[in-house]
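There are structures below to look over.
Two complexes follow with chain A in common, the first pairing it with chain B and the second with chain C.
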Partner chain A sequence: MKQLGIVGQSVKRRDGLGHVTGQTQYVDDVFYPGMLWLRMVRSPVARGAIRRIDTARAEALPGVVAIVSAGDVPNNWYTILGLIGVGPPDEPVLAHEEVMYQGEPICAVVAETEDIANEATSLVKLDIEELEPVLDVEYALNAEAPVIKKWGSNTFIYDGMNHRRLRFGDVDAALKQADFVVDGTYRLSPIEHVPLETHCCVVKPEPDGRLTVHTNTQALYFSMDNTAIILQCPSNQLRFLGGTVGGGFGGKVDVITEPVTCIAALKTRRPVKWRWTRREEFQNSSTRAGVKMEYRDGVMRDGRIIARKVRSLQDAGAYHRHSPYGAQKHMANVGGPYSIPNVWADVYCVYTNRQPSSAMRGFGVMEASFAIEVQMEKIARTIGMDSWELRMINAYRNGQMRPVRKVVEDAALVETLQAAAELAGHELPAHLRAMHSNDTGEQTGNHAYGGGGSRL
Partner chain B sequence: MTRVRGRGIASVNYPTGMNLGGDPTQALIFCQPTGSFTVKLSSTDLGQGLKTVIGQIAAETLGVPLEGVIIDTGDTDSAPHCMGTFASRATHRVGNAVIMAAEEAKRALLEVAADEMEAAPQDLVVENGEVHVKGSPDRKLSVLDVALAAHFKYGRTISGRGIFLKPKGGVDPETGACDPDSTEAHATAVAEVEVDTETGEVTVLRLFGAYEVGRQVNPAMVEGQIVGGAVMGMGHALMETVFPYYPAQDHHTSSFGEYIVPTAMDAPQIETVVLEYPSSNGPYGVKGVGEMTANSPVPAIVNAIYDAVGVWVTDLPVTPEKVLRALEDKDRALSGS
Partner chain C sequence: MDTTTVTFTLNGTTTALAVSPLTTLRTALRENLHLSATKAGCSQGGCGSCTVLVDGEPTLSCLLPLALIEGQEVTTLEGLSTRGGLHPLQEAFYDRFAAQCGYCTPGMIMAAKALLDRNAQPTREEIREALVGNLCRCTGYLPILEAVEDAARRLSQ
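And then the complex of A and B:
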C-alpha cells in the first residue's frame, strides 16, 4: 500500500475540544426571541380507533397559542421510504382515524413556555376505542391475527411477495447430503440508540416567507425534501441547518420532528422549538427491530458448510420507517463472510402495534452476524472442530460467488482471524497461518461443493 | 467457585454504502484569495469525526497543509446534496466526491501556476502548499501567490465540483440476486468473560478486535470507532432492551434508571489491531468502519458464555435471569437423565 501524507495520520479531531468543553452549539442551544414551545399529545393505547379529539380545555389554558392537528398537515403522510421508491406510504404525520402504537403522535400543543405546553397536553381529551393489538411477530403472521395494515397483510410486500427471498443452489438436496445439520433460533429484543443529544428541532419563519430549520438530522437534504413533500411546498422555501449531531446511530433519519415543527411555525408565524425528553427518546423514537431468526446449517464432517436455510422475522413495529430496507439488507447478508454454495432465506418485514423500529447501526446485518456466528460456534462444537479452523476453512476468498451472486472482491476475513488469534495469544497451527484470502481454496477444499456456482 | 471464565470468537463482514446503492454525495471546493481552500458539504458529522477525515482527504489531494482546508458543512442554502450520514457511507462517498472536486480545483490551480511560472501544467506538482516543477524543487511558487494571481491578475477561478454515486441496482425477487455494497470490511473479535453461576451475572474481562477496514484515514479515530462500538455491542449483548419482556410491552423503559447502558466502569480491557487492504473504489482505498464495530462483540460474548458454563443463551440481551434459568434447565436435564 502506497504511503500517503496527511491521510493515515492521527491528527486531532477539529471539533473535539468544543465537544468536551461544552462549547459546541447543538440544536437545543438555539434560541430566538419570542420562541414558542411544542409538546406532543400521544396515543395512550397500542391500537385503537379515534372517535374524538377534544382540545377545547387545552386551547383555553393561558399561554397556549395553537394546536396542530392532522387537519393542519397539508400532506399527512410520512414519505421517508417513498423518496427512495419504496411504498405505499403507511404512516400519518399526525393520527386522526386510528392509532397503531402507544405513543403515536395525535396533536401538538404550541405554547409560550414548555411547562404550559406540557400542562396543555394533559388537558387534551382523547376518546379512543381500544382494539386488540398485535405485538408478536409470529402471531402477526397467523391467519387468526387481526390485519393491521390497509393493504390486507401484516407484512411488507416485496414484488408481490410477503417476504424478501434468497435462493442460491439447492439447499434441500445439500441438507440431505450433509453429515450434520445444526439448528438455532436467535432473538433480539428492541433497543434504543441512546444518543446523548435527544431529537430537537427549531424553526424560524423568515420575513421573506421562508423557514429556517435547525435540526439534528443525520441527513439534511433527505429531511428537507421529505418535509417539503409533507408541507406541499417547494423545497426552496426551506433552509435546513445542521451538520453537527450529538450521536445518531441511525436514530435520526426518521424526519420525525421537522414537519410538525414547521407547521407550528407557519401557523403561529413565530419561532418554535420541539425538543424530545429522554422518556420520549426511549418510548417514542424508533428502536432497533426485535428479530426472530431460525437458522439451519448443513455441514460435512471435514467442516465445510454446504447449506444454510434461514427464516427471519423483523419486527417493524407499526409503520415502515426504514424497516423494509433493513429486511432487504438482512437478506443480502445471511451468507455472512463465508462461502456457502447453497443458501435459502425468507425474510419477513412484519408489522405489529409497537413503536416503529427503523435504522440503527448495522441493522439487518448486525442481527444476521449474531445468528451466523453463534451458529459457527455450535457447528464447531457439534462436529468437534476448532472454531478458528472452522471459520478459516469456510471464509470466502476473492473470486468466489456470494449467495446474492456478487463476486467477492475485497476479502480479508482469514487475515483478521490470524491477526485476532495473535492479538489474543492463541497460537494457530501452521496450515491455518499459511491461508490467505487470495488462495484458491485448494488447501481448504471449500470449493468442492460448487453446486450453487460457488466457483467462477 | 462460582465464577467461571470462558472465551469466544466471532467474525463478521460489513458492507460499505447504502444497500443497492442510489445514494449520491456532492462536494464543492473553492480557493480563497490567500490560498486556503473551502470544502462545501451538506454532510453531517455525528461525532465520529467526519469533518476531520474529510479535511485530511482534501489536503492530501490538493497538496496543501491540513490547516489550509476549511470544512464548511450543514447548510442546504449554500452546499450541494448529500444523501446523509448512515450505512457506513460517509467517508467513502464524501471522500470520493471531495477527491473529484479537489482534483478539478488542483487542475485550475496548476493552470494559473503554469502561466505564472512559464511552465506546462502537466510538469507541475503541489506539495506542502507549494507548486514546483517536477524534478526541480527550486522552481516553485506558493499556493498563496498562485491564488493571489488567479484572483487579482488573471481573473480566473480555482474551484472544483465532485460527486460520487453508485447507481441504484435492483433485486431479483425470485432469487435475491443483487449488488448490495461498494465493498466489504471484515473483523474478528475475541471475548473473555466471567460468569457468576450464583447470580447469573456476566462480566466481560477483555475484548480483542482485529479489523480490516481498507486504508485508514485517521487511525486514532478508527480506534475510537472500534472501542466505542465494542462497548455498544457489549450493552446490546448483556444489558439493553426497551421491552424487558418482549414481545410484551410491560415495563417499557423510560429512563436510565431502567434502561442500562454500559458506562466507563463496565468497559473491559479492549485491544485492537487494524489491517489495511485498500478497496478498489474507496477514496485512497477506504472502507466504511462506522457501523460494524458493534457487531462482532455480540456473538463473541454469547459464545464465551457457552465456553464458560455450557449454556446457549441466544435471546438478547443475556440478562442474569436468562443465564440462571438456562443453568437451571441444564442442571435439571443432567439430573433427569
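And then the complex of A and C:
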C-alpha cells in the first residue's frame, strides 16, 4: 500500500518547480516560426443589425494575411452546453446578422505582427443599425421590452416554461401560519474573474492536416468537442494541448478562442496566435451573472423557518453560455443548508444585451448563499434570537428531504458551526454544543415540524 | 522599419539587440530572446507579473522601452539560479506552496529579490510594501509573505 503513504502528508505541487523557475510553459509562451497574429473586430454597440462589413482597407494593409468572418465558419451557431442537451444553439462564433452585446466578435484579422493586426482591425468599416438594447433583467421581462432572442422570449425555456420552478409543500398556507414574515431583495453585480493570464490560443496546422491547439481553457475536452462541431470535423483532427492555466476561476470554460484561431490557421496554413488584452479580458470575457433575488421567509417565534418564497432573475447577458445551468443550480440551492418544509421558487435565466455571463466559482449557488445568510441575520434580529442558534436550529439533519427531492446524507452544518464558534472564540450554550447532524429529535426546530421536509 | 541597437547585460551576459525604438524590455525578453519566465499580465503596469531587476531595482518591464536600458544590468527569473541549484527564494516559494497558478510567481520572486538584496531581514510590513505592486489573483498572499520570510532566514544561514 505504498501509494497511500502520502495521505496525511504535505505533497509538493507537481508543477511547483516549473513555476518557481519560470520554466512552466503557458500558452502565451508558445512561439512558432512564421507564426501569425490574430486580433478581433468587435461590436461597438450593445444591440444592432449588421448591414455591411467592409474589410477592403484592412485587407490592403501590408502584412495582413487573412480576414476570418462568419462565412468562413463551417457551423457558425453553437452553444457550449449543447454537448449535454442545452439548446437551441443561440450564439454565432462570428456575428453576421445582428450583434447582441458590445464587444461581440464580428471578424478576425490575421497579420504578420500583432501591431499590424491591431491596426487592421481599426480599418474594418462596420455599418450597423443600432437597435434599442435591453440592459436590465426586470425590463427584459416587461411586455414593452424588445424581444431579443429568436425563440420569441427574453428568457431561457425550461421544459416549456420561461423559468425554472421549484414547488415543495404549501408555501402560501405556511406563510399565513407564520408568526413573522421577513422580506429581502438582494442584487449582485456581475463579477469579472481577472485571471492574471488573459485568454490565449495558439494553433499550428500539421503536415498531416491535423491541428495542434495550445489553449488555456479550463475544459479541454469540452473545448475540443465544441471546436469539432463548429469546424464540422472529426475530433481526431484536433490535438488539444492544455492543462496549464494562469488563473481561471471558471472564467476559462467558454469555448471562446479555439474555433476562430483554428479557422485562421486552416485558412492561412500557418501557425496563429490569439491572445486577449487586459481590456478584452475585462470587457469581453464572461462574468459571473448579475442577479436580482427576492426572498420572503415565514418564521415561527421559536426560530423555525417554515416557508420560503423566492423569485430570482439571473442575468445571462446576450447568450446561454453556462447561465441556464447556473440558474438551475441557483434554484436547487435557494434553501441553503437549512431544512425548510415549504419552499417555492421561480428562477429566471434572463437574456439582456450585456456581456454574456457564465461560470465562476460556485455560480448560482454563492449568490443564493449571500441572500440566504443576510436573511438569517434579518430573521434573527426580527425574532430576537442569536443567529448561531437560528442557524443550528434550522440546519439540515441527515435523512431529511431537500426541496429538490434528495435525501440529505452528508449534513455537516451543525458540526461546522460548532467548529467555527470554537475557532472564533465564541462560546455556544450547552444545548447547541450538544446538537449533531444525526439528531432528529423534537428539540431541534423543523425536525419537530411535520417531519421536516418529508411531506411531498 | 527603423531599428535601434541596444547593448545591455542580461543575467550576466552582454547582449545586443536591434529592435524598433518603442519595443519594451518585456517584449524583447519574451519575443526576441525567448526568455518567457517574465509574464505579460496586463501590459499597462498594473499587475507586476513582468517585474525584472534593472541595476537591482524592481522594474515593470512592460512599460520600459528597451532603448532606455542601454549599458544597464537586467536580471530575470532565469538568471536567479546561477549555480544550477534553486535560489533560496525559489526553494522557499516551492516548499511553502507560494505558487498556485504560477503566473504572478516570476514577478513576485523578482520583487522579493530586490527587497532582500537591500534589506536582509525585512519585517512582515516591509515585505508587504515591497510586494504591493504584484497581484496574485489566486489570492495566495499569506504563503507568499511566509516564503519571503523563510527565504530571508535561509539566506542569513
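In the analysis below, the second predicted complex is superposed on the first by the 442 of 456 C-alpha atoms of A that agree within 3 Å, B and C clash if a C-alpha of one lies under 4 Å from a C-alpha of the other, contacts with A are read in each partner's own complex, and residues count from 1 in each chain.
Simple rule for what comes next: a residue touches a chain if its C-beta (ideal position, glycine included) is under 8 Å from a C-beta of that chain, and two chains touch if they have at least 3 such contacts.
Given the structure is predicted, the values throughout are model-derived calculations rather than measurements.
Colleague: Given the touch rule stated above, what does A:G247 touch, chain B (first), chain C (second), both, or neither?
Modeller: both
Colleague: In the superposed arrangement, which partner chain does A:N118 touch: chain B (first), chain C (second), both, or neither?
Modeller: After superposition on chain A, A:N118 lies in contact with neither partner.
Colleague: Quick one: classify A:L17 as touching chain B (first), chain C (second), both or neither.
Modeller: Touch partner of A:L17: chain C, not chain B.
Colleague: Should A:P190 be classified as contacting the first partner (chain B), the second (chain C), both, or neither?
Modeller: Once the two structures are laid over each other on A, A:P190 reaches chain B alone.
Colleague: Would you check which partner chain A:T382 touches, where first means chain B only, second means chain C only, and both and neither mean what they say?
Modeller: So A:T382 meets neither chain B nor chain C here.
Colleague: In the superposed arrangement, does A:Q177 touch chain B (first), chain C (second), both or neither?
Modeller: neither
Colleague: Mind telling me which of the two, chain B or chain C, contacts the most residues of chain A?
Modeller: Between chain B and chain C, B touches the greater number of residues in chain A.
Colleague: Taking the superposition as given, does A:F31 touch the first partner, chain B, the second, chain C, both, or neither?
Modeller: In the superposition, A:F31 touches chain C alone.
Colleague: Pick one for A:F168: touches chain B only (first), chain C only (second), both, or neither.
Modeller: first
Colleague: Which residues of chain A are in contact with chain B in one complex and with chain C in the other?
Modeller: The answer is residues 12-13, 15, 19, 194, 245-249, 278 of chain A.
Colleague: Where on chain C is chain A touching in the complex?
Modeller: That would be residues 30-31, 34, 36-44, 46-47, 49, 76-78, 81, 86, 89-91, 93-95, 97, 99, 101-106, 109, 135-138 of chain C.
Colleague: Hey, which residues of chain A end up touching chain C in the complex?
Modeller: These residues of chain A touch chain C: 12-13, 15-26, 28-29, 31, 193-198, 245-249, 277-278.
Colleague: Could you list, by residue number, the parts of chain B that touch chain A in their complex?
Modeller: Listed in rising order, the residues are 7-15, 19-20, 22, 41-47, 49, 51-52, 55-57, 59-60, 66, 71, 73-77, 81-86, 88, 168, 171, 173-181, 183-190, 208-212, 214-221, 229, 232, 235-236, 240-244, 246-249, 252-256, 259, 261, 271-273, 275-280, 284-285, 287, 290-292, 294-296, 298-300, 302-303, 306, 312, 314-317.
Colleague: So in the complex, which bits of chain A are touching chain B?
Modeller: Residue positions touching the partner: 1, 4-15, 19, 46, 84, 102, 135-137, 158-161, 164-168, 184-192, 194, 217-222, 224, 238-250, 253, 278-279, 282-283, 287, 290, 315, 325, 328-329, 331-333, 336-337, 345, 352, 354, 359, 361-362, 364-366, 369-370, 372-374, 376-378, 381, 387-388, 391, 395, 403-406, 408-413, 415-420, 422-424, 426.
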